[in-house]
Amino acid sequence: MAEILYFAWVREAVGIDGETLALPATVSTVAGLLDWLAQRSPGHAAALADRSRIRVAVDQAFAGPDTPVTGAREIAIFPPVTGG
Amino acid sequence: MAEILYFAWVREAVGIDGETLALPATVSTVAGLLDWLAQRSPGHAAALADRSRIRVAVDQAFAGPDTPVTGAREIAIFPPVTGG
Amino acid sequence: MPAIGARLQTDEFDGAAEQAALLAGRRDLGAAVNFTGLVRADDGLVALTLEHYPAMTLGQMQAIADAAAARWPGVVGTIIHRHGRLLPGESIVLVVTAAPHRADAFAAASFLMDWLKTKAPFWKREEFADGTTRWVEARAHDDDAAARW
Amino acid sequence: MPAIGARLQTDEFDGAAEQAALLAGRRDLGAAVNFTGLVRADDGLVALTLEHYPAMTLGQMQAIADAAAARWPGVVGTIIHRHGRLLPGESIVLVVTAAPHRADAFAAASFLMDWLKTKAPFWKREEFADGTTRWVEARAHDDDAAARW
């Protein structure tokens, strides 16, 4: 099971702070995870429609589209950061 | 008459804070003034021996070797600045 | 204790006290730089809310601090980032650095801000006088600033 | 009142109070940089005396401040330089800048320090524990730093 977390407008678009999901074996990378999540609801689809505006952290480390997610415990999905 | 002021180690080498002098008509530039002052005493000569270590302000504006001194009221002679 | 420490908090910070703590007992630090980021009331903004990623934020801030400490070995510092709802004129972020010479103190402070802007998991939501809200968009020139290091 | 003001004094300054004065009543300033230069106890130094050129110093400091204000029109600031005898750990110079965005505040503060170091008529004399004194020599890299602007 993986904990999926959403932040900022991704969270608002998806409509939930996070969800605990069993990733299918076919989902092995960040890009594959985003494709799979986008099918879960219209909110997921809207949030993830423009991948250029999406950033991901796998187990609290920033990740790219090819980063493996197999075995990950916590995957966070969010817009580019705007702190500071 | 021109007020000649000395600062930092130039002041210590010359041995005085300043002096009021009538510049001869042949002294028309900063370079000429330094040549003329260097003849006034061994202290002046020592202070002004290495012109690369000497900076000058004419009437409170930084000057170069060719800056005119004719008619100047206040000429300050000092090392490169080291504030800040 | 790391050479550059990181803190995350909702409360206001005291930049002068943080700087004094860094300098206390030191006689080898010739330069201190103290940067404060503040909420601007642009376009009728009435408040800014900083959301962050609790499990990751402080660790990522400390990693940024450690990166600066590794690049500028003589630098000591403190970075503090606030989260929650902040009003115009309030401070958001503090970066204090001190070093023997000013070039290192300035460079490390600039670096820390550039990296905090682009590598720490914070998101700003703006509230306006007309009741609308807007998530701040990341700016390309912040990425450019971070990429120069 | 100039956008960046200059002061010359023997007394200690309060950098936080100077910054607060710049920010007071402003809601458009998103960045404040506060630089302090301090006396280092290098090589057994026990005191530093700053000599200056009274008739010229403040005017030259204000000219440097005005040059920064002209280059960075949105920047406000304060520069304070002390003179007289100072002990290790004491502050020598303060540069505070504030601007809508951090790049201008950082750049203006760096510029002001680089120009104060090379264009303001101050000279430092060091006193050491063994009773000797030495005038600080100007450094080529300070000239290089000033020349980059």
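We just call them A, B, C and D in the order they show up, numbering each chain from 1.
In this text, contacts are C-beta pairs under 8 Å (C-beta built on N, C-alpha and C of every residue); 3 or more make two chains touch, one makes a residue touch a chain.
As the structure is a prediction and not an experimental result, all values here were calculated from the model.
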When every step has to jump to a touching chain, what is the lowest number of steps that links chain A to chain C?
1
Dist(centroid_CA(chain A), centroid_CA(chain B)) in Å evaluates to 72
Centre-of-Cα separation between chain C and chain B, whole angstrom
49
Could you put a whole-Å number on the gap between the CA centroids of chain B and chain D?
27
By the touch rule stated above, which residues of chain A touch at least two different other chains?
none
Can you pull out the residues of chain D that are in contact with at least two other chains?
37, 113
Touching pairs of chains, all of them, please.
A-C, B-D, C-D
Of chain D, residues touching chain C in the complex
15-16, 19, 23, 26-42, 88-89, 100, 102-103, 105-106, 109-110, 113, 145
Applying the document's contact rule, which stretches of chain A touch chain C when the two form their complex?
5, 7-9, 57, 60, 62, 74, 76, 78-84
Residue numbers of chain C touching chain A in their complex, please.
37, 50-53, 55-56, 59-60, 81, 92-93, 113, 116-125, 135-138, 142
